[in-house]
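Take a look at the structures below.
In what comes next, subunit A is part of two complexes: it sits with subunit B in the first one and with subunit C in the second one.
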Partner chain A sequence: MVRTILIAIGIPLLAYGFGVSFMMFKRKIAARIQRRYGPTFIQPLIDTFKLLSKQENISHGIMYDLGPILALAASMTVIFFIPIPGMKLMTGSADLIALLYIMVIGSLVMALGAGESANPNSTIGIARALTLMLGYDLPFVIVVITLVMKYHTTDLYKIMQMQTGGHWAMWLLPLSAIVGFIVTYGALGEHPFDVAVAPHEIATGPMAEYGGKHLGLLMINHAFHIYIELALFVDLFMGGASNLFYFYAKMFVIFVIYVFFDEVLPRFRVDDAVRFYWRWPTILALLGLIIVLVR
Partner chain B sequence: MDMSLGVLLATPFVGGILAYLGGKIHRWVRYTFAILFSLLAFIEIFFFYNTTVGNYVWGRLFGSVLVLQINPISWIFAFIVTGISFLVILFSINDVEGHKGLDFYYLELLFVEGAMLGITLAGDLITFFMFWELMSWTSYFLIIQGGKKSITAGYKYIIMSVIGAYSMFVAIAMVFGRAHSLVFKNVSMLLSQSSPAFVIWFFVLFGIGLFVKAAVMPLHTWLPDAHSEAPSPVSPLLSGVLIKMGAYGLTVLFYGFLSVQLIGKLAPTILPTPLLLYIVEWLAAISIVLATFLAILQEDAKRLLAYSSISQIGYVVLGIAMGSSLGIAGGLFHALNHAIFKSLLFFVIGGVIYRTGTRNMSELGGLIKKMPVSFIGALFGIVALSGVPPLNGFVSKWMIYEALLQKKEVFLLIMAFVGSTGAFLYLYRFIHSVFLGQLPEKYKDVKEVPFLMQLPIWILSALTIVFGIWPGLAMNVIAQGEKFLGITPIKYTLYGFPQGTAMSSLKVINISSVLIIAFIVVLALYLMLPKERFVSQYDTYAAGQVVTPETKYNYSYGFYMFFGRVINPIFKWSADKMYEAWARATKVFGDYMRRVYTGNLETYSSYIVVLITIVAFVLLIGGKLW
Partner chain C sequence: MDKMTEEQYRAISNMLRKRSLWMLHYCTGCGAMELPPTMTSRYDMERFGIVPYVTPRQADILLVTGYVNVKTLKRIITVYEQMLDPKYVIGFGSCAINGGIYYDSYSVINRLDAYIPVDVYIAGCMPRPEAIITMFKHLMNLIDSGKADGYKRYKQNYEFYKNNQRKVLG
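Then we have the complex of A and B:
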C-alpha cells in the first residue's frame, strides 16, 4: 500500500523532472547553436512558477478552464502506462493499442479548451494539429504493427524486456526505427512540423488565448509530453533500460538529436507535412512491415 | 412463453394504430399511447434476456410455416430497436410539434419500430423478408417528411432498397425452390448440403440486400442524403438502428445460415479468413477510410454524421466478418455502442436545429454557453465515437483491433486505425463549429432544448459511461449469443478482458480511475491558484485589431481545406458518378430498345411470326427448347 502511494507520487515527479530538464537543455543547446550564452539553466522552472503565481487570470468559459486541467491530468495518466526500468506500472491494464488512444485524450480536451477561447488563430492551430496527427498516425500505426508482429505481444513491458541485452528493435528493425524517430519528432511538434503552433503565422495557435495559470499548467504539460514521447520511443526501439540513469541517458541522446534538427530546419506547410508523412515514412514503414511479415 | 413473442411484436403495431386513432381525439392521447407502447415494448424485451425461444408459429404461407424466435443475438438488436425508438418518440414530441400529419408520423414511427423488431424476431425467411420490406417502406415515408430535398433523398433510398430487396428475394426464392420450409434451421441445413456455386450465389444475392441497408461501400450512396434530409428525430432512428439491421442480417447470414467452416470450404483458404468473408472485410475497411475522409470535408452537420455512420458501420461489418470470437464480439458490441453514441449525436444536432433552424456548421458557433446540456451530450458522443477511453467506443474498437492483430490482418488494421484517427478531425470540426468558437449575434437569445428533448441526451450519455467502464454488462449477452451461433464464447470480466482473450489484457476501470484521480489532483492545484476573471468572446488577441460584433472573425468554413488538397485526387472517382454513368448507359440502351417497340401492330405480329418460325425451325432440326 505504502509502495503504491510512493509510486503514485514518485512517477509523475520523476517524469516531470526528466521532461523539464530536457526543456532546460533545449534552451541552452539552442543558444549555443545560435552563438548566444542563453538564459539561466532553470529558466523553464522559473517561467512556470511565474505563470502559476500570476494574479491576473482570464477565462473564456468552463471548457476553456477544463482544457489545460484535463490535458495535464491525461498526461499524468499516460505516464502510468509507459513502463520505466524495473517497473511494470499499469501496463497490464492497457496494452500498446490502448495506450495509443490514452495518449490522445490530452490533445483532444486541450483542443476543446482552445476552441472555446473564440480565437480563430487557436482553431486554425487545432485544425492543423489534427491534420498533422492524421499524417503521422499512418506511418506510426504501421510501425506499431511491425513491432507487434515481431514480438507477438502488445504488452509494452514484454516488448521492452525482449530487447534487453542489446537486442534493440533499433538494430533489428532499422527501417521501422527510422520511421518511429520521424513520427515521434512530428508528435513533439518541432520544426519542420510545428505547423500547429507557428508563432509567426497564427500566434502560437491553440495557446493564443491562454495566459497566467492556464499557460503554467500547459508548460507543465509540455514537460510531461516530452517525457511521454521520448520514453515511448526508448521503450519501443531502444529496449528500455536497466536503470533510471541509462533510461535518462538514452532519452537525452534522442532529444539532443531532435534539438539539432529543430534548430536548423524551416517549417512545412501543413498539407506538405501530411504529404511528406504519407510518402517516405509510410513507404519505409511498409517495407519494414513486409520484411517482418515475410520472415 | 410462446405467446409472449407475438405480444412483444404486436406491441408497437398496436401502439401505432392507437396513437393514430388517439390523435383524432387529442394530441396528448396520441402522445400517451405512443410513449406508453414504445416503453412497453422496451420493458417486454427484458423478459427475454438471455433466453432462447425457438419456434412460435404465427402463420402459414405457401406451405411454409411463419416462425418467430428470439436468441441472445437478436436480443441485442431488439434491445437497440426498442430502446432508441422509445427515445426517438420522446424527442419527437417537442421537435415536430405543430407539423402537419402528426398522427400519421407517429403511426409510421411505431410501425418502423415494429418492422425492425419483426426482423430481429423473424425465425424464417418469409417473415424476415416481409418485415424487411415493411421497414423499407415505412422508413421511406418517414424520410420524405423532412422537406423538399428529402423527397429526392427518399427516392434514392427507396430505389436502392428495392434493388437490394429484389436481390434478397431472388436468394430466398432459390432456397424455396429446393427446400419447402424456410425456417432458419432448414435453410442452414440445406445450404450445408448444397453445391458451392449455390451457396456462393445465395451469399452474394442475400448479401447485396443486407449491404444496401448496412450502407457498405459501394452501396452506400443513399445514406448521406437520406440521413441528413430526414426530420431530426428520424435521423437517430435511421443511423442508430436501421443500418444495424444490415449488421444483424450479416451475422445471421454468416453464422446462422452458414458457418466459418462452411464458408471456408467454398474457396481455397490461403488467407487468414475464408475468401468470401475476406472480401467483405475489405469492403468494410474501404468504407471506413473513404467515408471518414468524406466526413472530414462536409459543411453540413448532419451530412458529416451520416458519413461518419458509414465509416462506423464499416467497423461493425469488419468485426462481424472476421470470423473469430473476439472479432464478432467486437463487431456486435460496436453495433450496440454505435447505436448509443450516434443516436446521441443526432439528438444533439436535432436539438440545435430545433433552436437555431440551421445545420450548416459555418453559420453556428459558440452555443456551449446557451445550450450546456446539448454540449455535454455532444462531448460524450464525440469522445465515445472517437474511441478514446474511458467511454464505450474505446472498448469495442480495441476489441476489433486486437482481433485483427490476432489474425495478422495487418493491412485491414492499418485502414481501421486511419479511419479512427480521421474521426478525431471531423468530430472536432463538428463540436467546434456548433458549440465552440464565436457565438453569432443572431443566436444571442437561444435557449437550451426543452426537458423532453434533454432526456434522451442524458440517458444516452449515461449509457456511454456505463458500457465504457463495465463492458462486461454487454459481453454477458454477446458471449451467450456467440454460444448460440456455435462459436467459442469470448472470455471477459466485468471491467475488461483477461489475459488470453486478446493479445494482452485490458482493465478499463484502471484507466478511468487513474484519469479521475489525476483530474482531482490537478483540479486541486488549479483551485489553489489565484482566481480567474471571465472575459467576453470579443476580448481576444487579434494582432492589435479590436474585435467587435461587426468585425468579428471566425474560422469555420472550409475547416480542413488544406487536408482536402491532399486527398482530393482520391475523389475524382465516386460511386455516385458510377451509378449515374450506368443510368446514362441504360437510357441509351432504352432508346435503342424503343425502336423495337414501335407500338405498331403489324411490327409486333411480324415479331411473332419470326419467333414462331425460329421455334418451328429448332424443333424441326430436332433441337430441344428446354
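Then we have the complex of A and C:
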C-alpha cells in the first residue's frame, strides 16, 4: 500500500524532473549554438513559478479552464504506462496498443479547451496540430506493428526486456528505428514540425488565449510530454536501461540530437509536413515491416 | 497565512519574478528597431530571462516603443487591459515621454503617462542596446523592491485614466 502511494507520487515527480532538465538543457544548448551566454540554468522553473503566481481574472468557459488540467491528467496516465528501469508499472496485457490510444487524449483535450476561447489563431493551431498528428500517426502505427511482429508480444515491458544485452531494436530494425526517430521528432513539435505552435504566424496557436496559471500548467505538461516521447523511444528502440542513470543518459543523447536539428532547420508548411510523413517515413516503415515479415 | 510568511512569500516571489520577464512583441514605433540587437547574440537579453512573447495574455512587459498616435493608443489600451497582473509598462524613447519631434502634431499624444501608468521611462532617440539593458536592470530592481506598481495605480486611479482616454478617443 505504502509502496503504491510512493510510486504514484514518485513517478510523476521523476518524469517532471527529467522533462524540466531537458527544457533547461535545451535553452542553454540553443544559446551556445547561437553564440549567446543563455539564460540561467533553472530558467524554466522560474518561468513556471512566475506563471503560476500570476493573478488571473479571465475565463472563457468551463472547458477552457479544464483543458490544461485534463491535458496534465492525460499525460500522467501515459507516464504510468511507460515502463522505467526495474519497475513494472501499470503494465496489463496489450499495453502498447492501449498506449497508442491514450497518447492522443492530451491533444484532443487541448483542442477542446483552446477551441472554447474562440480565438482564430487557436482554431488554426488546433487544426494544424491534429492534421500533423494524422501525419505522424500512420508511420508510427506501422512501426508498432513491425515491433509486435518481431517480438510476438504487445507487452511494452517484455519488448524492453527482450532487447537487453545490446540486442537493441535500433540495430535489428534500423529502418523502423529511423522512422520512430522522425515520428518522435514530429510529436515533440520542434522545428521543422512546429506548425501548431508557430509564434510568428499564428501567435503560439492553441496557447494564444492561455496565460498565467493555465500557461503554467501547460508548461508542466510540456515537460511531461518531452519525457513521454523520449522514454517511449528509448523503451522501444534502445532497450530501456538497467538503471535510471543509463535511462537518463540515453534520453539525453536523443534529445541533444533533436536540439541540434531544431536549431538549424526552418519550418514546414502543414500540408508539406503531412505530405513528408505520408511519403518517406511511411515507405521506410512499410519496407521495415516487409523485411520482418519475409525473414 | 500569517503576516510574516506573507511578507516572505512576497519577497521571494518578487525575487523570482524579476528573473522571468516576458515582453510583448508588439512594436508601436521606430524604437523597436533597437530591440533585435538587444535580443540576439551580441547583447543577449535572455541572460536576464527576458524573452519576447507574442500574445498579451502571456506577457509581463508592454514596451511602448516610440510615438503614440491616437489610433495606436486605442490598441495599446486594449492590449494593456488584456494583460494579466502583475504587468509593467515601459515608455521607450523621447516620444513616449513628451512627444519628441512630434510634440506639436495633431494626431500624436504627448504624455503617455496620462493614459496608462508607466513604470520605467528610457530617454533617447533612439536608446542604444546598452541603455535598454540598463533600463531592464532598473526595472528588475524596482520589481524586487516592490516599487513597480503601475498595475495597482491603474486600478486605484481608474477614473483619472479613463477620463483622459475619453478626452482623446472620444
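Definition applied: the second predicted complex is superposed on the first by the 292 of 295 C-alpha atoms of A that agree within 3 Å, B and C clash if a C-alpha of one lies under 4 Å from a C-alpha of the other, contacts with A are read in each partner's own complex, and residues count from 1 in each chain.
Going forward, a contact is a pair of C-beta atoms (placed from the backbone, for glycine too) under 8 Å apart; a residue touches a chain by one contact, two chains touch by 3 or more.
This is a predicted model, so every value here is computed, not measured.
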### Message
Just checking: does A:Pro199 make contact with subunit B only, subunit C only, both, or neither of them? Give me first, second, both or neither.
### Response
second
### Query
Touching A:Gln43 in the superposition: subunit B (first), subunit C (second), both, neither?
second
### Task
Have a look at where A:Gln34 lands relative to subunit B and subunit C in the superposition and call it first, second, both or neither.
second
### Query
Should A:Val270 be classified as contacting the first partner (subunit B), the second (subunit C), both, or neither?
first
### Query
Touching A:Thr154, do we find subunit B (first), subunit C (second), both, or neither?
first
### Query
Can A:Tyr185 be said to touch subunit B (first), subunit C (second), both, or neither?
neither
### Query
Of the two partner chains, subunit B (first) and subunit C (second), which one does A:Phe233 touch, if any: first, second, both, or neither?
neither
### Task
Have a look at where A:Tyr16 lands relative to subunit B and subunit C in the superposition and call it first, second, both or neither.
neither
### Query
Does subunit B (first) or subunit C (second) touch A:Tyr210, or do both, or does neither?
second
#### Entry: subunit C versus subunit B, contacts on subunit A by residue
B
### Task
Touching subunit B in one complex and subunit C in the other: list those residues of subunit A.
53-58, 121, 203, 208-209, 212
### Message
Looking at the complex, which residues from subunit A come into contact with subunit C?
### Response
27, 31, 34-40, 43, 46-47, 49-50, 53-58, 121, 199-200, 203-204, 207-212, 215
#### Entry: Residues of subunit B defined as touching subunit A within the complex
366, 368-369, 375, 379, 383, 386-389, 394, 397-398, 401-402, 405, 408, 410, 413-414, 417-418, 421-422, 424-425, 428-429, 431-432, 436-438, 496, 502-507, 510-511, 514-515, 517-519, 521-523, 525-526, 529-535, 537, 539-543, 553-556, 559-560, 562-563, 565-566
### Task
Write out the stretch or stretches of subunit C touching subunit A in their complex.
13, 16-17, 19-20, 22, 40-41, 44, 46-49, 53-58, 60, 83-86
### Query
What residues of subunit A sit close enough to touch subunit B in their complex?
8, 52-61, 63, 65, 69-70, 72-74, 76-77, 80-81, 90, 92-98, 101-102, 104-105, 108, 111-112, 115-121, 123-124, 126-128, 130-131, 133-134, 137-138, 141-142, 145, 148-149, 153-155, 203, 208-209, 212-214, 216-217, 269-271, 274-275, 278, 289, 293
